[in-house]
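Note that the chains are named A, B, C, D, E and F in the order they appear, and that numbering of residues resets to 1 at the start of each chain.
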Amino acid sequence: MRYALLVQGGPYSHQATHSALRFAEALIRRGHHLETVFFYHDGVYNAARLLAPPQDEPHLGDAWRRLHDEHGTRLQVCIAAGLRRGLLDEREASRHGKAGGSLEAPFELTGLGQLVDAGLSHDRLITFAP
Amino acid sequence: MILHILNRSPLDSRVYRQALTAMGPDDRLLLIEEGVQGALPQMVRHFEGLDGRLFALREDLIARGLEGRCADGVLVIDVEGFVTLTEEADKSVSWF
Amino acid sequence: MSDESNLPSGDLLVVLRHGPHGSLWLREGLEAALVAAALGQRVSLLFMGPGVAALAANQQRGPLEQKGTLPMLEMLPLYEVEQLLAVEDDLVALGLGAECLAVPVERVGPAAVAALMARHPLVLNF
Amino acid sequence: MILHILNRSPLDSRVYRQALTAMGPDDRLLLIEEGVQGALPQMVRHFEGLDGRLFALREDLIARGLEGRCADGVLVIDVEGFVTLTEEADKSVSWF
Amino acid sequence: MSDESNLPSGDLLVVLRHGPHGSLWLREGLEAALVAAALGQRVSLLFMGPGVAALAANQQRGPLEQKGTLPMLEMLPLYEVEQLLAVEDDLVALGLGAECLAVPVERVGPAAVAALMARHPLVLNF
Amino acid sequence: MRYALLVQGGPYSHQATHSALRFAEALIRRGHHLETVFFYHDGVYNAARLLAPPQDEPHLGDAWRRLHDEHGTRLQVCIAAGLRRGLLDEREASRHGKAGGSLEAPFELTGLGQLVDAGLSHDRLITFAP
């Protein structure tokens, strides 16, 4: 089946991200496809370029990137939710007169329409929230 | 059939009541994260009437030192079982 | 209160469980509903728990003069989101009679909540 | 005397019970943010026994359209009054 | 259970109300307690609500192999944080008898909570 | 009196930040001194350099900076809580092999000891949490 995940909790602050990643690995092991992860509400903080957890903690940003690299999972970040929380790519940052972005590929800023689309076009949407 | 997913402990949250209100007669409820506290014998009364439809995630029980301490009738599943539940349900709704 | 046979069906049910001003849950839930409606989906809104407070009349600007979510509620009909439902018990708990509401809403009993979940292929909880 | 500050609605949170447990006989409780829902006549029973010691923040009531609808006995104060409460208390404890 | 006259006083009371693994509240609360103790402050810890779950024996690594908070609890005596208290009612609610606890803790009744608040000039709630 | 505030909620996500700023203005109006604001837990997100809220929303980062500029309030961000959430100043970023920081003065990364110190040495510490 084609799965989408909706992640609404920030990394580390709540288990939502850990739970979502664990679920992602399990559904792939069972032969499903994780096509889309949509980050909304505080979930957008998962895309922060500078996450620097202690060595004995999992690097949650790298874990998402690995899903993208190995399984082609799209990592979509709601642009409105990101802007008001300080998550901008290079282009949005310069549009707001700031140097450098706080979010990098493979995370991509996108509209909420992508969430609705994923929810209706994928076989399953599972939400992980704080 | 809908899979409802609850991640709050009945000890400090009333959100479990919202989930119960939203459940149809065949719907299932999966307790994850802090929600697994609800699977303990002292807490499971909050989920009366869900015989055979109340699940708790094994990995979250283990992490909390609570494995083997669930009330009778709670179905303990691992994360692969969680995926299976989402396959079997038409959709899922998360309560937080 | 409507009985179950009159409940709407649609593509998307957005459940709003948080009040105005206290967090972004309500605003971000309404944004999702508006975007889905703008894309042509049939959207129903269900207010439950503290979320029914979103419907109160006479809401004002927030602690730092933010405009709040009432203007978004008033925009819903423009996007053809006309199915607003709220759980009767929660309205009663906050003393929100019809005369206290900013927008018209269908009051539903607890049994209708499960029926609404079943009638929409996608449910987003906020 | 301690000022306790609660920002959760009794409709979906049981944290108010933690605050009540922690209150001494002279302590005060201030409801702010979502917590002001607890000041409504239908909800105030959760705070029985706090006569003269239960406060609600006017600005948060106004923003929610709830001003003028508090239960008798709830003392409505504005943010300057909030500062005064912190002056009068030895310390404050926030419940969330 | 101790009666009130035996309760500790100190500089700082850290109240831990969230369980392990579910959020950072417990870890960040414990970090605050350890830092205060390292700075020479007398620190008392009170576990209440779902936070009493932090005391459970046999906790294991988290969903992505994180090590959890039990190692931090075991470090407390090294920092001379020896006043660990937990609300009896909440321990009972989670079925945590003495044989189920990872570290020794003083079980206190609800009335002790207010007394503890009064006996510490600074209270931090997590 | 000398006040300290402890802010534990992220900007916009929860009212905690709005409430703290409103309280800050009121205590200053009443003639008190707001010496320290300590950002912990998700409160550290208040220090994000790139916050870009919509025009009709208050800019919470600027509101904190104004308190610093006009009243000398120290804006202290817990370094451990910041690192694991991706909030680093230039120096910490380069120590982790990354270009550019996500946090700028007058916000300063500092240890938890400063929170304990503020709590015990100021007359009042008021916590605003999500």
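As a working rule, a residue touches a chain if its C-beta (ideal position, glycine included) is under 8 Å from a C-beta of that chain, and two chains touch if they have at least 3 such contacts.
Chain labels with UniProt names: A, F = Sulfurtransferase TusD; B, D = Protein TusB; C, E = Protein TusC.
Because the structure is predicted, anything quoted here is derived from the model rather than measured.
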Chains shared as neighbours by chain A (Sulfurtransferase TusD) and chain B (Protein TusB)?
-> C, E
Any chains in contact with both chain B (Protein TusB) and chain C (Protein TusC)?
-> A, D
Chain pair bearing the highest count of C-beta contacts = A-F
Do chain B (Protein TusB) and chain D (Protein TusB) face each other with the same patch, meaning over half of the contact numbers show up on both, or with different patches?
-> same
CA centre of chain E (Protein TusC) versus CA centre of chain F (Sulfurtransferase TusD): separation in Å?
-> 27
List the centre-to-centre spacing of chain D (Protein TusB) and chain F (Sulfurtransferase TusD) in whole Å, with centres computed as mean CA coordinates.
-> 25
Separation of mean Cα positions, chain E (Protein TusC) and chain A (Sulfurtransferase TusD) [Å, integer] | 34
Where in chain E (Protein TusC) do residues touch two or more other chains at once?
-> 17, 21-24, 49, 62-63, 121-122, 125
Multi-chain contacts in chain A (Sulfurtransferase TusD), i.e. residues touching at least two other chains, fall at 12-13, 15, 19, 22, 41, 57, 125, 127, 129-130
Which residues of chain D (Protein TusB) are in contact with two or more other chains?
-> 7, 11-12, 15, 18, 33-34, 59, 91, 93-94, 96
So what shape is it, when you link every pair of chains that touch: line, ring, star, complete or other?
-> other
Touching pairs of chains in this structure are A-B, A-C, A-E, A-F, B-C, B-D, B-E, C-D, C-F, D-E, D-F, E-F
Seen from chain A (Sulfurtransferase TusD), its contact residues with chain B (Protein TusB) in the complex are 1, 3, 8, 15-16, 19, 22-23, 26-27, 29-30, 32, 124-130
Enumerate the contact residues on chain A (Sulfurtransferase TusD) facing chain E (Protein TusC) in the complex.
-> 12-15, 18-19, 21-22, 56-58, 60, 63, 130
Mind listing the chain E (Protein TusC) positions that touch chain F (Sulfurtransferase TusD) in their complex?
-> 11-12, 24-25, 28, 31-32, 35-36, 38-39, 41, 121-122, 124-125
Please give the residue numbers of chain D (Protein TusB) that touch chain F (Sulfurtransferase TusD) in the complex, ascending.
-> 5, 7, 32-34, 59, 79-80, 82-84, 86-87, 91-94, 96
Over in the complex, which chain B (Protein TusB) residues touch chain C (Protein TusC)? Could you list them?
-> 2, 15, 18, 21-24, 27, 90-91, 93-96
